[in-house]
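First chain A sits with chain B, and in the next complex the same chain sits with chain C.
After this line comes the complex of A and B, so read on.
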């Protein structure tokens, strides 16, 4: 924020100088005093005088006034015309949009300076003509920006909702479309200030802008040019003024447009995961453990996942269940370095016998895609819309080191597509992601994940965006892969009912911690933690009489793992006692099964 | 109250996505429409609310053809049927506070003065179980469940008789979904609100709806009282849908 103000400072000085020129200027900028010509800077004339003895400081200040006036006028005209035209085009769509867009395209492609020269050539120099000439090419980008913004909003449901509420088109445009369209235009305008000031100076420099005797920066430059060697104070001050304004305007525009989301190079340079020595010695008892995660914590830098431990055995499916924001996705992606670079992960994760935490990018590539495959929720976002399905899978096959010549790679690709149950792989490989249904795209993602013949498949909400029938088929596919390839899987979901079709064991997460884990059937039939019980109550029952209310948990989902010193679920818990808010419960083994653990101080009462 | 008769509709000149649909909703009744994405559920909802026009057939509300209304009569009719959309975040303007969003429909229809509007907003927040302080927040500061409550509150601002809900809980967590569904049941009991509840998830619909219509490929393939449809499905598609619906295998 302070830096934005700092960047804008020259612009503020420019605006004040322009507005208050008559007050600030020591003398009349047009007062000629030939006896005092070409005086160097002194107490009387802080910036000296020119060849006609006029005070340079006053001329600079009045120059700012003219630049400011022209800039304000041009911006007002082009913003108004541009935003209104663009908004109308975006709102109407169809034919009107096409016609207006073509006109805007033409206006944008015209070279601005040439248009200005032509207009002034025909109409002669002068302030009004200058404004007309510059507005003629300055409006088009605003129209384009506004149109894009409005067209993007046009199909959005909130306009449908407004229409249903009976809002008139005037209200929809005026109250709901113009303001969002105006915002990016204002950001652009802050950059435009610079180019308009520069344009005015350039035209005046060429003798086509503001005619003498009015003071104008560009004109001062041309007048000072012959004296560059003998009287430097003539050309330098206006030159510096123009540079400062243009520079500040560009920087400000960049800052406003970038906001805080600008990716910083520093983030990529700074090491994120602290390296931890592999102190994990595999023992005979856990011979079939494929992935073992111990005491994993992830922070940004405030912790979102705290001391999470879980393990996946060969040929078994572990489901991680929790509400959005409970840290379930973070805990499964962290071991594979798939989080935002700013995340700090600590703890240990061993795949087979190798430590995963703190691997270099090169070492990661030998694990990800080869020993571990990942499937994400949004298949449309994962697949590149411009590449065919075949190209995607081919690439995965080559990355996994199973590729060969083109035809050989494609054969592996087709084999993979057949494996995930897609019909006619050869034809499908030539199609693009948008031509496939959501369920088919998700199968393609699985095929890509399987390219390296991984030991472990990580699926983050793989079926949440799909219809129930498609979801059921996909879950069956995952179950088949587990059985036929004896593959291990981690499936992340917010829906216990969905994963219960597939999972062997389940870990329930709440506010960044695992609150219960164990074999699926035990957890479902004999939940140890009140939160798990609450989740089970929220699932619709097949035999319920229509209109039956769900038993719900009061309150809002928990926030971070470190927000309370006690149990994060205590404020919503039906069986909480005072002790629960003070002492944090740890995972304890329950009597029902050796691997069934629950973190409840009330001992699963 | 709502009668949809032999309705067909589609996009512009393309093929119909809703084919020959007949369905009715009585006062105070919740009717569920189940089907997978692309089966025409959303188009049906848009035609019923008047956002889209049908190619054939009529939508009658209290005996009046909805699509024949124009001007003032249409504006007056709008108050009776409101809609709740799938993604509450997209249906709320990110620039408005909750209070502004809830006042908007009252302003559009020039209902009351500033004070009575403010009182009505408090009433609406209370009706959907939100704290008054939530009124000062903007949509992105709310959880998904709260956003959907706000969207429901806004739909209720004009005291509609029928609420068309298009996948209102699909974007929500299971535990939050349960609360929103309870809210809809409560509203029906307290306000006598009728509801056309559209969803792809049969598990949700069968716990909520009095009657169910199963939609497949633009047509309604089976329709009847909920328990009848779910326990004794006639159409093969209904059977497939029931088999695919995830349930928790208690006592396995």
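After this line comes the complex of A and C, so read on.
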């Protein structure tokens, strides 16, 4: 807010200078004193004198006065004509509205400068003609804004009620439609000041605006032109005055339009802390871990993922399961920098032996697409609609350093498409994303992910929004890839049934934290956490032990990890006790298996 | 597989566009003709005086009036004027008593050259700055580019000319102050006309490109290891092409109008200069002719961009997304 006021400051100065010119000006701006012509700035003449010995400062101030007067007149006329026209059009609707809107559209599409010049050209210069010409240029946007506002109000029940009560159209328009229509127009007017001042100055500069002896800024510049080389003080002040008003007005318009300046997704996540590994005890069998994530937290800056740790072993599939909003996608994309630029990620993630957090964009390119492939959920949105399937895969092949000449690259592409089970790869490569079915696009994504022959495939909800047969085929494909290429995978899903066909181990997420993790069979047969039990209950699995039955889980899903100081699941937990809301349970190893952990203070109850 | 091409849907929109455009141009001619009705002073008297070199006698004035057909009703005169205008006959200048058509044809080249040159400046600078604005993170460089773009958009063209004349011509002596002879004289008019337009263009490029870069396909491109240059040029810009193209049309239109001031300052004998001279002398027929040509050019530049946008925007196609051949080149 204060910044908006600051931005508008030159406009305020302009208004004050214009209003108080007779008081502020040291001398009469028209007082000619040939003996004192072309004097540089001095104590007597802070901005020097012009070729006729007139005081520049006084002329600038009076210039503000005439500019302000013309601008105010033009705005008053344009606002009145525009708002009334627009309001009537919006109120009447139907054919009258269409005709008026058409005229307004045409008026908006005309070049204002030419209209003003043409009108002055036939009517001759002068202040009155200038105001008429500028109003002809300026009125139309107000009509358009007012019409849009009123058309939006027309259908409101409030207005119907007024009409039923017998309010006359004039009253409805005057009392109930004009004021709301005026508001957005006034906002626009504050940003229109600049273009009107600029228009007046330009016309005056062309000798077709405000005639001498008025001291208008554009007029001053044209008069000072022959003395440019010798008397610099004639060139700068009027120009600076115009620029300041126009710049402030433009800046104000941009601020009012709320043009937010968030950076594009292209910016990579910059973690604040490189690693916090000190207090962490490394687990056994390091050699065979492909990806190890420790204490990962992601915030915007409010945390959505808190202290998440997981591991993926060679040739194994880790499933991450949870409701939407539980932070599962964020947890798997964060190590590869695939988050919103405003996200702050902390913790550690090692791929092989290399730390992933805090990589530069260049270093990322050596990981993404080469050592890790990603399959996203929405296959239509993640493919560029303007590029062919082949172009996408070609790019992935080139990024992975497997490309060559165009034809050689395309051969690799076709091989990849065949590998994921797509028929007629050559023809398919020439098609566009929208021409494929959802299942085919998902296969294309897998082909792209495989282009770099990665160690790890990350699949975010790879089968949701597909029908059951296609789901099964895709899961078979992923299973085949794991077996044949001995690839490690992370599969994210909201559906435990889907991943149970594929996964070796599973991590269950709730409200941004992992609440249970362990080998798939252990978790399914002997779930430690009430939430997991609820999930298992919602999807009957062969061989699963039914837990306490709650068909639909009550309570609000999707809370953040820091929303409560106790167990986030407590509001929905069927076995919650008072203690649960006080202390947050930590992941504890359960007695049944060393790798099976659960975060429930009531143990394996 | 469906053959890529322009299906009927786009075709219908193009037809509607053409009808609309003719309508707007007709409205422009009506507005332009109406200038003569607004005019102060009797055109017949002015032309008669020009011919006689002094105040004309009433008989001379009446003779000119009959010659110009000014007795007929306004609608008839409009029809006659429009029919003549279409063939390039705009009548006689009240100021010089010479035919306007050939004069305009002579000057057209100067103006088109100026507009073309400054359009290149505007597009090159605008795109470069806009891309930087979309890709850079918050910080000094982006703030400076953004502020600079807004500042240069706010500079009055005539004052920017002064500044350049002061520095480049008078202080450094790199280029002549005015005139139109040789490449050096082109530098300042093109910069003065092109840079403010570049500022406006860069803002739109930055905003639309950033929007196009916020789509999931960019995340996917990052996931497959594409660098930012590839992402900007293969994914971002093609998907932002619609609004950018549309604004480019508006830019070219505004450059055309800008010649009115710039030709004045640098003494280029183009259409803009002619327009101002006509306006200053209240030479109505010449004013009408140049307003028609400049205004028509402005409208066409604006609307041409709209129709191009229809043709490249996948949403305007019934089958939802086959790009035009020129877009596919280099990406396929």
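We take it that the second predicted complex is superposed on the first by the 309 of 605 C-alpha atoms of A that agree within 3 Å, B and C clash if a C-alpha of one lies under 4 Å from a C-alpha of the other, contacts with A are read in each partner's own complex, and residues count from 1 in each chain.
We adopt the following convention: a residue touches a chain if its C-beta (ideal position, glycine included) is under 8 Å from a C-beta of that chain, and two chains touch if they have at least 3 such contacts.
Being a predicted model, the structure only gives us computed values, none of them experimental.
Enquirer: Touching A:383, do we find chain B (first), chain C (second), both, or neither?
Expert: So A:383 only meets chain C here.
Enquirer: Touching A:511, do we find chain B (first), chain C (second), both, or neither?
Expert: It touches nothing on chain B or chain C.
Enquirer: Which of the two partners, first being chain B and second being chain C, lies in contact with A:208: first, second, both, or neither?
Expert: Only chain C is touched by A:208; chain B is not.
Enquirer: Quick check on the superposed pair: does A:124 touch chain B, chain C, both, or neither? Answer first, second, both or neither.
Expert: second
Enquirer: Taking the superposition as given, does A:158 touch the first partner, chain B, the second, chain C, both, or neither?
Expert: Once the two structures are laid over each other on A, A:158 reaches chain B alone.
Enquirer: Between chain B and chain C, point out the one touching more chain A residues.
Expert: C
Enquirer: Classify the contacts of A:369 with the two partner chains as first (chain B alone), second (chain C alone), both, or neither.
Expert: Touch status of A:369: second partner only.
Enquirer: Touch test for A:345: chain B only (first), chain C only (second), both, or neither?
Expert: Touch status of A:345: no partner.
Enquirer: With the touch criterion stated at the top, can you tell me which chain A residues are shared between the chain B interface and the chain C interface?
Expert: Overlap of chain B and chain C footprints on chain A: empty.
Enquirer: Please output the residues of chain B touching chain A within their complex, sorted ascending.
Expert: 30, 36-37, 46, 49-51, 75, 78-79, 81-83, 85-87, 90-93, 95, 104-105, 108-109, 143-144, 151, 154-155, 157-158, 173-179, 181-182, 185, 200-204, 206-210, 226-227, 230, 240-241, 243-252
Enquirer: Within the complex, which stretch of chain A touches chain C?
Expert: Result: residues 106, 109-111, 113-114, 117-124, 194, 198, 201-202, 205-208, 218, 221-222, 225, 228-229, 232, 235, 238-239, 242-243, 246-247, 249-251, 254, 259, 261-267, 336-338, 341, 361, 364-370, 372-374, 376, 378, 381-388, 390-391, 395-396, 399-400, 427, 430-435, 445, 448-449, 451-452 of chain A touch chain C.
Enquirer: Which residues of chain C touch chain A in their complex?
Expert: Interface residues on chain C, with respect to chain A: 1-2, 4, 24, 27-28, 31-32, 35-36, 38-40, 134-138, 146, 150-151, 153-159, 162-163, 165-166, 170, 207, 209-210, 213-228, 230-232, 234-235, 238-239, 253-254, 256-257, 260-261, 264, 275-276, 278-280, 282-284, 287, 291, 294-295, 298-299, 302, 314, 319-323, 327-328, 331-332.
Enquirer: Considering only the defined contacts, which chain A positions touch chain B in the complex?
Expert: 156-158, 160-168, 171, 176, 179-180, 323-324, 438, 467-473, 494-498, 500-501, 521, 524-525, 534-542, 544-553, 556-557
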